[in-house]
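Let me give you the structure first, and then I'll get to my questions.
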Amino acid sequence: MLQSVLLLVAQTTILLAVSPLLVGLIRKVKARLQLRRGAPVLQPYADLVKLFRKQPVISTATSWIFTATPYVVFASTLSAGLLVPTFTSQTPMNFAGNIIAIVYLFALGTFFLILAGLDAGSAFGGMGSSREAIVASLTEPAMMLSIFAIALTAGSTNLSTVVHKTALMEGIVTDPSPHLMALAALFIVALAETGRMPVDNPATHLELTMIHEGMVLEYSGRYLALIEWAAGLKLAVFLSLIANVFAPWGIATTVAPAAMGIGLLVYVVKIAVLAVSIGVIECMFAKLRLFRVTDLLGVAFILALLGLLFFYILRS
Amino acid sequence: MPILSQIGSQLIDLCSALLLLTCFAIVAQRRLSACVDLFALQSVFLVVTAALVAYLTGNHHIYIAAALTGVIKVVIIPRVLKKVIERLNVKRELVMNVNVPAGLLICGGLVMLAFFIAQPIIPLGNILTRDSLAIALAIVLIGLFTMIARQKAVTQLVGFLVMENGLFLGATAATHGMPLIVELGVFFDVLIAALIAGIYTNRLQDAFDSVDTSHLTVLKE
Amino acid sequence: MNLFLLLFACYLVGILLPLCFPANPRIQNLLAHGFAGLASGAGIVLGITGLLLPEAWTVSAQSTVPFLSFAIRLDSLASFFVLTISLAGLATSVFAMGYVTEFCGRVSMGTLGSLFNGFLLSMTLVVLADNGFFFLIVWELMSLLSYFLVVTEHEKADVRYAGLFYFIMTHVGTAFILMTFLVFFQGGGSFSFEAFRHPEHPLPEGMRTLAFLMALIGFGTKAGIVPLHVWLPYAHPAAPSHISALMSGVMIKTAIYALMRIYFDFLGGQFPWWWGFVVLVIGAASALLGVMYALMEHDLKSLLAYHSVENIGIILLGIGAGMIFQSYGLKELAALGLLAGLYHTINHAMFKALLFLGAGSLLYATHTRNMEEYGGLLRRMPWTGFFFLIGAVSISALPPTNGFVSEWLVFQSLFLSFHISDIFLKLMLPLAAAILALTGALALVCFAKAFGISFLALPRSTQARHAEEVPVPMRMGMTILAVACVALGLGPMVVVPLLDRVVSPFAGVSIGGTMVAMDGWALAPMNVEFSSLSTPALALLLVVLSILGVGFAVAAGGRVNIRRYKTWGCGINLTPRMGYTATGFVQPIKRVFSAVYQPTVKLETEFLNESRYFAKRRHFEFHIEPLFQKYLYDPLIAFFTTMADRLRIIQAGSLHLYLTYIFVTLIALLLLAV
Amino acid sequence: MIAVMVMLIAPTLAGGLSLVVHRSSLLHAINLASMGALVASEIMITRTVLSEGPVTALGQFVYLDALSAFILVIIGAVGLACSFYMRSYMDEQVARGVIAPTRLNLFFFLFHMFVLAMVIATVANSVGVQWVAIEATTLATTFLIAFWRRRESLEAGWKYLILCSVGISLALFGVVLTYYSSLHVLGDVSQALNLTQLLPVADRLNPHVLKLAFIFILVGYGTKVGLVPMHSWLPDAYTEAPAPVVAMLAGVLEVVAVYAVLRMRMIVDHAVPSTFTGGLLALLGFASFVTAAFFILIQHNYKRLFAYSSIEHMGIAMIGFGVGGTLGTFGGLFHLLNHAFAKSLAFFAAGNIHRRFHTVEIGHVQGLVIAQPWTAMALMISGLALSALPPFASFASEMQVITALAAQGVPGMWLSSTGGMMTVTLSDQFSRVGLAAVFLLSAVLAFGGLIYRMTGMVWGTPPEGVARGEIWTLGHLPIILLAVALVGFGFFLPPPIRQLLEQATSILLLD
């Protein structure tokens, strides 16, 4: 009992700590690739602290939904994070929900964000919400199928179980092709869900292009801080999901301190690498038009489906 | 008395044949009053037939039937119809749904049909009246056909009465007369029907100023 | 027994008594809905006891009319549905006490009240009936009474149209149901369900298939499966809102009950795999198309009605999966699928009723159903808003509410398809899962729209500006359902064993024990290995972590008080016209799925005389093509009417023609006979 | 047998009186009295028949069994309802000057003659007398149909007279043939048309003749019943006649004609396998049902609508008799009863509507529920009952018919031709279900048409210049009673009626 509580606390802290770092890292990479010096990697932490201290300004048009949303988003994203194994496969909250639960926890956050975007009654918020709506709804099928492809290989939909088994090389098919396709699909989904290029540009406030930023345009102070942090968390969760599901090597499969240490180290490295790759991608691609995003997500869906097909064909 | 019955059946067949012939005549006839006359003539033949049957079989109540026929169909109804015709001053029927030659052909066909239909049951009849059932059927069919072929109310009425004659022929000749009460009822009904129809034709004349029943097409889908 | 009598008596009194006080609407209102409340209370108890009974409780009385016997059978399936009906019934009757006052003067309270009671009673009897003849009677009574309730406001032409459309469609459905029963009659020569269950001489395969299809069409019409759903979005909104709640929440479920009864009880769960597949496909189609059409609706109640189509689809996904597993002899999985379907059945009954009551409250407060005329209502009607939000969260299947649990279970049963040997189905079921995912996401969007546009931002009309919170009874009614939603969401470990009692007789295996894992904390469909879910834990997590968020805010020690200022509108003062409308909100979706909608947009611009570059006014309208009406129903109707028109010539009015008919008939028959 | 005497004398007496009396209230009183006497005597007869079985009276002239008793019950019930309804109806017509007060005498005289003829047709022992009586009904009603003396009513009356007379005379030929066949078997010629004489020896009669006889009878009386394709007079007549008369025509006269056909069938079935008659009945039944369903779909005149629905329901009943068996026959008889009630209800409602709206166009009638609540209820109930919806009794009877159809199919009818025997079997499992499907399709079509028009009339707001609200008259009493009966019989058949139906069924099944 105590052990799982400790693990829980540990995981929470790690996620909270790591997420701003990832954001900073990506920004740095992009700056470098664009031959700028860019802000220091730790800048996001500073931003958060600052935002927390600032006095929030709330629109007179809004209702309690607007002020409640940041907490809901923060909580839902973080609890999604607690269902994903990070540095150990012994995730204490494993029983609380499988990967479908994670998807729907994210959906909970999205739902309230959309409401908040509408609440202020400005055109920007509405625009952001409506765009977020279409993107979110189109990512889900691809997400489900890719997840299912993974679940099949490990015979489970509980992430920790999947990761654990994969790490111990239990019941894994030898051929990687289904895995790879699912990985590709899930990666695209991750980009879309976390509002990254080529789906959304987190760095812009140009009303024609912004999606996520549009929704949260009216936020300030601690509310904005929470939302920013939640965004970071979401990124972290997705990265850890990808990292641990497809490359679970080195993750701590026991609760031995040593294993833990190694697991932590490996974990940080893994997600850092992924973050860098995202940074690179963001520089390589231009943002797609909203109605081109559907094509991208369609590709993701087809990839996942192919993964499934391959799995069965190779099995039988 | 074989010879007698021989002659009797011959006579009855003859009368029946004459009845049939008058039918053809009615179909061929365009003048209304002539149609009525022909009908009266037919009724006369009918009376003779009935009387013959009554005499030969000795069912005396057929005499009554014959007498009634004489009174009603030879005297009363033709009078009524004549009156109607005079009042309506329509002399002859110009347009027919089926022209005369075709009509005659069809009637011929109907007679054959009647014989064909009645043929399996004729043997049941007694020697006296072999074919009269078939003839009766033929007359009924021809009467119905007349009603279809003609347009004037009066001629339709005549057609109807011809049907009745056919029925009566069947009833008397083939079955030696129905129970008396039935006979009486039938006569009563025929009389009433004819009278009512007469009244109707007058009303139609008033309402539509014509007795051409092909004008009665207000009520339809 | 006594419970049933009590229920029956209460409803009966509720039907008759209000008619005795024609003068006094208030008394009528109280009597009718009071007794309805009592009766449904009894119904709840009856349902629960029925679920716990070891075996079915039956009672029957023979009528002097041949075939007809008033046979009642309370087995676990029936009790489950009685429970569902009565729960919704209780809430709606409480709600109605306040709501019907809106109709005071326009409609006779007595009639409305007794029809309401009769409707509830007939629904209860439908699930209890144990004789085909009796079933048909109460089934048609249900349709008839609901029809009369739909046309309550018959002065409006569209209401009349909706009612007529509904009535005819449901009667067509009944015809198919009758066919089904006639097929079963072949087996036993009797209409008693017992004879249907154990026919003297079993039906041949062809007959069984016929029964399957007929039942699917017949009950599908009532359930509103695609493409038989067309009446539903007309009829449900047209009725008074508490009736819509019952129709959408409960009445369409009686069809689900009947399907379960026929496929698993009468046909003994013995069928080829393609039956289940057909059900699955229909379910998927209904779910997706239902939500898609819902997205384009801006009439709140029609939107909800379309969502009923969607949710019926989800239920059928569960049941269809169950049927497929059944035909492959995978008992546990079959049980899981059915269980998921049933769980979603009661959940949908709860949140859909809640949402309709919410819509009713909005109607009550603003006298309009058009979402574009709402806005900013959350601050004027906080309670209604809160309840509606709960309903919206539940129907969008967001954790930790009840909608999430049942949809999660459906997902599980679809994902477990890899146990099936046939590769085609191995692929099809996950595809269905993907469609379900898309459906869920779109439903989320739709309710984000429904809630956001109606309750948030600025009021877009004077009615919305002056709306007021609804009276207490209405709020109480919604409270009941809201509580039910949350409870069903947090307590699946209690609900699942009860549902297991319903499905185990059909699936032939009990999975209630294995499904509750982690000593009652978590739900584990097959084994904890494969998947597990614990909504209480998730709820706890959410609460704790949001407190954590607050903690951070406090710990950072910024200034606590908030500065209120108007929204940034690029320097112009914010007006309602700047906010997003429902139409605008779904525009991207409309464009992405234009293949389905085939939208036609009309934009007229009236320019200023001075310059061609400034518009004086713009008129924008768009509507989407109702595919099924256009390509399925209209041709059918046209066919029959033209045929009828052709037949007119028979009755041309000519006496000679008529005589010819007789003549020809006579001769034809004579020739036949000789 | 006093009751029989009463039954025959009451209408005669009333008819005679109504020619001499001149106060309308007195006329109505006589009418009610005679109808009351009729009903009372019928109840007595029913009881004796139920207890003692078939009885003959007045020296072989009257023959009463459960079947005829059942028909009498229908005549009595509908007749009584009509005479209640007439009170307000006819008086209003007189008050509005549609008809001269003096013509009331004629009206009532004809009405009583009509009733008398139907009673005789029902109780007559001799097939011949029955024929005479049925012809008499035609003669009595033809003026009632043309009573308003408009052009249309004249046309309708003429068509009715001609078509029915032709049909009837064909029936007479059938009777003649029967007699012809019986001659050789029966000695006593004067009794040779009596059922009491024919039935015992019927199995020795010549089948050929009987077949021909039955066809003539079917076509003949079928015209009276209004079976397609001999139905053509029916819509016109029903549209033009006064409401109470139509109620009688639709409710009772059709039933009596059906009864005549059934009587004949009983004789024929002894000699010929019942599949022959059954096949013919089912054939005409289906023809009527389907055709009527389509015509109902396109009606815009509510009286014609009901007329076609009459054809439809006679078709259903015929299918029931044609399919035969306990189930089908019982259902058919029961359906006759329900239809009589529902249809008279419908025409009462139609009469009220016409008095208020002065139009038969469905399109011009709206908001009935506001203008005439009671009539609206009557219309709705009759409409629902006519489309055989639960909880109305017609649902039960139609269920029995269709169940019989699905369970037995139409027994393979022998189509004997000179080319030898050829059979069409419509009794294997799938074609049975197929037939049931056809049945249901037509039923749904009819329902659609009926309900579409009904609801169009009942709901909405009445047009300008139409008075709102309805005052209670004596005419509402039968409406209520019939409605109650329709609903009640759907759940619970009073034991006497059930026994009557069962015995009648067994009589028709010749066991």
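Letters are used for the chains, namely A, B, C and D, taken in the order the chains are written, and counting of residues starts over at 1 for each.
Methods note: a residue touches a chain if its C-beta (ideal position, glycine included) is under 8 Å from a C-beta of that chain, and two chains touch if they have at least 3 such contacts.
Note that the structure is predicted; figures quoted are calculated from it, not measured.
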item: Those chains which touch chain C and also touch chain A; value: none
item: B-D or C-D - the one linked by more C-beta pairs in contact; value: C-D
item: CA centroid of chain C to CA centroid of chain D, Å; value: 44
item: Computed distance of Cα centres, chain D from chain B, in Å; value: 31
item: Separation of chain A from chain D, taking each centre as the mean of its C-alpha atoms, in whole Å; value: 79
item: Centre-to-centre distance between chain B and chain A (centres being mean Cα positions), rounded to whole Å; value: 102
item: Multi-partner residues of chain C (each touching 2 or more other chains); value: 648, 650-651, 655, 659, 662, 666, 670-671, 674
item: Residues of chain A whose C-beta touches two or more other chains; value: none
item: Residue list for chain B, restricted to those that touch at least two other chains; value: 117, 120, 144, 147, 156, 213, 216, 218-219, 221
item: Each pair of chains that touches, named by its two labels; value: A-C, B-C, B-D, C-D
item: Chain B-facing residues of chain C, complex; value: 648, 650-656, 659-660, 662-663, 666-667, 670-671, 674
item: Contact set on chain D toward chain C in their complex; value: 158-159, 162-163, 166-167, 170, 211-212, 215-216, 218-219, 223, 229-230, 232-233, 235, 276, 280, 291, 294-295, 297-298, 327, 330, 369, 384, 387, 389-391, 393, 395-396, 399-400, 402-403, 406-407, 415-418, 429-430, 432-433, 436-437, 440-441, 443-445, 447-448, 451-452, 455-456, 459-461, 489-495, 498
item: Partner chain A, residues of chain C touching it in the complex; value: 376, 378-379, 385, 389, 393, 396-399, 404, 408, 411-412, 415, 418, 423, 426-427, 430-431, 433-438, 440-442, 444-445, 447-449, 451-453, 455-458, 517-518, 521-522, 528-534, 537-538, 541-543, 545-546, 548-550, 552-553, 556-559, 561-569, 574, 576, 578-580, 584-589, 591-592
item: Of chain B, residues touching chain C in the complex; value: 97, 113, 116-117, 120, 141, 144-145, 147-149, 151, 156, 213-214, 216-221
item: Contact footprint of chain C on chain A as seen in their complex; value: 12, 49, 52-65, 70-72, 74-76, 78-79, 82, 93-98, 100-101, 103-105, 107-108, 110-111, 114-115, 117-123, 125-127, 129-131, 133-134, 136-145, 148, 151-152, 155-158, 161, 217-218, 221-222, 225-226, 290-291, 294, 301, 305, 308-309, 312, 316
